[in-house]
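Reading through the structure tokens given below for one structure.
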Amino acid sequence: MKLKTLILGLCTASAFALAAHAESITIATVNNGDMVRMQKLTDDFTAKNPDIQLNWVTLEENVLRERVTTDIATKGGQYDVMTIGTYEVPIWAKQSWLLPLDDLGADYDAADIIPAIAGGLTADGKLYAAPFYGESSFVMYRKDLMEKAGLTMPDAPTWDFIVDAAKKMTDRGADVNGICLRGKAGWGENMAFLTAMSNSFGARWFDENWVPQFDQPEWKKTLETYVNVMKEAGPVGASSNGFNENLALFQQGKCGMWIDATVAASFVSDPKNSTVADKVGYALAPDNGLGKRGNWLWAWSLAVPAGTQKADAAKKFVAWATSKSYLELVASKEGWANVPPGTRTSLYNNPEYQAAAPFAKMTLDSINSADPTHPTVKPVPYVGVQFVAIPEFAGLATNVGQLFSAALAGQSSVDDALAAAQSAATTEMGMAGYTK
Amino acid sequence: MARAVTTQHKVVVTAAAWAVALIIFFPILYTIITSFKSEQEAIQGFDLIPSFTFESYADVQSQYNYFKPFMNSVIISVGSTILALLIAVPAAWSMAFSPTRRTKDILMWMLSTKMMPAVAVLMPIYLLFRDFGLLDSRIGLTVMLMLINLPIVVWMLYTYFREIPGEILEAARMDGASLWNEIVYVLTPMAIPGIASTMLLNIILAWNEAFWTIRLTTTEAAPLTAFITSFSSPQGLFWAKLSAASTLAIAPILVMGWFSQKQLVRGLTFGAVK
Amino acid sequence: MATRQTQTLARSMLAPAVIVLFIWMIYPLLRTIYFSFMRYNLQRPETYGFTGWNNYYYLFLDGGFWPSIVNTLVLVVGVLLITVVGGILLGMLLDQPMFGQGIVRILVISPFFVMPPVAALVWKNMILSPSYGVAADIAKFIGISPVDWFAQFPLFSVIMIVAWQWLPFATLILLTALQSLDGEQKEAAEMDGAGFLSRFWYLTLPHLARSITVVILIQTIFLLGVYAEILVTTGGGPGYASTNLPYLIYKVASVGGDVGRGSAGGVIAVILANIVAIFLMRAVGKNLDK
């Protein structure tokens, strides 16, 4: 009996010793290519930090968001590092759920982070999440089809041009659709695109007093333009197409133009997976001459929840994954084209990167032309380009997204969809106490 | 079956049955085929002959070591099933052989505990798991799945036990058999097929449970459902990889199901056998 | 055989199951009812507090609420219809002697082994997608334009996918029941000159009644909670055409983080489930006593 106790005690003691030696942190991340690559490169981190062990939880976007939100709101303490987007950062920072990341080491060079991206991740002058990759949206188009239609894409097109070009490029017999846009319902799917688009039409979600604005002519113009161009020049099944579905269509040469995330550029220009890799051109997202373009701003970022016991290790990891040397590490292993884009100015000044990524300049210009603090033509009480950074937005916008996808599918009129959206938004805002 | 079956009839039936079976099986077959394609092939339209590349499997394995979630799935589904049987066998027993006026009501009530949609009770359960330190633990998940499937297990066993003729028990008792002997030597052998198929069905249900197993785990206890979630809908092409991951996730249960098909059919009688 | 001793024993054998299930039922139920009267948004903890009937009130105001109730019922009934009718037909087919019976049965039951999210993803992208799905390829081969399933028949598409997953279960149970149908009875009926239809109607169907009831009861329980298939395929749309109650709750509570309103939805889901259960017991419950 005594011996047993002794052995047991020894075991426990050694387990403690081990635990003290190797601290393990759990990282929740989204299953996108850049994050998967980071996961594969962990050896570099553990070699530099032998006392830290990394556990990965890789989930698809919807599930990830649900998991980390539940965890942080209930102080579940399951994760030490969370991958979150520009939408969550201001909300969570306000709740003091995140640790400020202003001490990521001497060589971190926070000033190098692209200002527009850093702006979306900063609250009260402090960075609350470090961007892992950043994106805006722009137009990707087929140079050959544009030429065939007798048109030249300007660097900064207008909506009129896009609509006209979409119609002229459409050749349904040859299975070519002039334009592919998101139609699948969801706040991060069709509503990300439509909200950004509406900004360029002078529309806004709420006025200064949080009154919903779907009954205004700007929204009507936005939705009508969208529905009409998709009817005449969009693919079948558009109302269930999200990023991936459109990517597959574009890669197979079925789209003349596609307005979507700048990260898509590295997919469509990859000859291994894209049949049109050498024919893709890029342009800024369209505008209407009102001073705002229809492009969004998003950064998948790493944040450290305030409840973690392992803040130091977590911060070390965040600093590693979002550092300049991480970019170099990826470049040395997988080439410059596979470096996570959109976070650091120095990357865009790097001639090697410019050579490897023909879309680099257009990406940077797009990111720089988005302004999350002044997203709309008319003044608004919120921040966020393709979202409104309030907790109620995700649910509300998913609801509105469903209504708009019905308009796209031709199952309700634009007017009905807008009226229903207005009433849904009014109810939601009344309930949440923004309006009386 | 003394009916004469003409060969012609048999051929027609065979053709019809195979056609229907292949249509039903097609989505799975196509998933398996796609898993041996490259990503680009996978979206290039209908093609039943893949290039037989193992690229996707290699990718999947390098991103997420299959072994750990596989073991978790096995432990959780088998564990919860055994646990459920331990509680359900006595209960079903007592309801089948010593029924009261309320037996039927109790059965219906048990089934009704499953009627709350999981999405609606996420927070209460999550908070409970957090407070008891059960998040990401295999024990927590095992108990959870046991509770979820317990009503069905009780029900299946009950209908099965009811088919065991009471006279046999009486006869055994007349011979002076003790309750223990009665259970071990008379009832158990008769009940084994029913218990076995209940067990199989329950393992399948637990294996496929994809709500709680994803919400209540992170790394240590994550089973194959979580494994799948890390391959579904990322940015970029993923059909081949998802197909490979899906094939890996369903293969064990598919193989088990195939081997135990006869057993499963035999036990799922729900009292239909006279 | 019901002596006092065996009765006591029987009760104590039943007790553990009843006790754990009771706790398992009552704890989440009470806490859900409690939350349904609280203002509880995950991301706005500062506003947590009692809010009366507000959650219910705003849930009723949601444009998706009534459609979701209807869709929940349509989905349950639709899947039940397909699986029961399909299950009987398949069961009768598989009950006949044929070559390779074992393999055919295995193929037919395999969808049951596929996890719901995987099934939905496979159906959405590889089968029904109007751009690169197999159905579109077949349509093009025949020379008709591909159907945009998820926009034109959203709820039906979901029903089809869910039915595909549950058809094996129904087939298995009904097949087993068919196999137990007395061969002599069948022969006797045939001797009497009863046609196929009257044999089916007067002999087979009554024999299957109990099994059909079991299929309906067990499937209904699972079908009332379906949401993953909707999330993956249609996202509840277009409009509210494929939003059912669990999906609405998911949208409100998991996407929107409004646990209070989601809990109100949960309470309503329980009420709805009980109404369905009472209706079912009235309609088919007597078959269980046979």
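Lettered A, B and C in written order, each chain numbered from 1.
Definition applied: a contact is a pair of C-beta atoms (placed from the backbone, for glycine too) under 8 Å apart; a residue touches a chain by one contact, two chains touch by 3 or more.
Please read all numbers here as calculations on a predicted model, not as lab measurements.
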_For subunit B, the least number of touch steps when starting out from subunit A_ = 1
*Identity of the chain that, by mean CA position, is farthest from subunit B*: A
*Quick one: report the Å distance separating subunit A from subunit C, using the average Cα coordinate of each chain.*
35
*Distance from the CA centroid of subunit B to that of subunit C, rounded to the nearest Å?*
16
_Can you list every residue of subunit B that touches 2 or more other chains, as numbers and ranges?_
43-44, 122-123, 127, 229, 232-233
*In subunit A, residues with contacts to at least two other chains*: 66, 70, 74, 248, 252
*Taking each residue of subunit C in turn, which ones touch at least two of the other chains?*
125, 132, 254
*Would you mind writing out the residues of subunit A in touch with subunit B in their complex?*
26, 28, 30-33, 36, 39-40, 55-61, 63, 66-67, 70, 74-76, 78-79, 243-244, 247-248, 251-252, 261, 263-264, 267, 272-273
_Residues of subunit B touching subunit C in the complex_ = 1-3, 5, 9-11, 13-14, 16-18, 20-22, 24-28, 30-31, 34, 43-46, 87-88, 90-91, 93-95, 97-98, 104, 106, 108, 110-125, 127-128, 147, 150-152, 154-155, 159, 166, 169-170, 173, 179, 204, 207-208, 210-211, 224-225, 228-229, 232-233, 239, 242-243, 246, 249-250, 253-254, 257-258, 261-262, 264-266, 268-274
*asked:* Which stretch or stretches of subunit C touch subunit B in the complex?
replied: 1-2, 6-7, 9-11, 13-14, 16-18, 20-21, 24-25, 27-29, 31-32, 35, 90, 93-94, 96-119, 121-123, 125-127, 132, 134, 137-138, 164, 167-168, 172-173, 175-177, 179-180, 182-183, 186-187, 207-208, 210-211, 214, 217-218, 221-222, 224-225, 227-228, 245-246, 249-250, 253-254, 259, 262-263, 265-267, 269-270, 273-274, 277, 281, 288-289
*Please name which positions on subunit C make contact with subunit A in the complex.*
41-45, 47, 54, 58, 61-64, 124-125, 129-132, 145-146, 148, 150-152, 231, 233-241, 243, 251-252, 254-258
*asked:* Can you tell me which positions in subunit A touch subunit C when the two form their complex?
replied: 62, 66, 69-70, 73-74, 91-92, 95, 184-187, 189, 235-240, 245, 248-249, 252, 254, 391-392, 394-396, 398-399, 401-403, 405-406, 408-412, 417, 420, 423-424, 427-428, 431-433
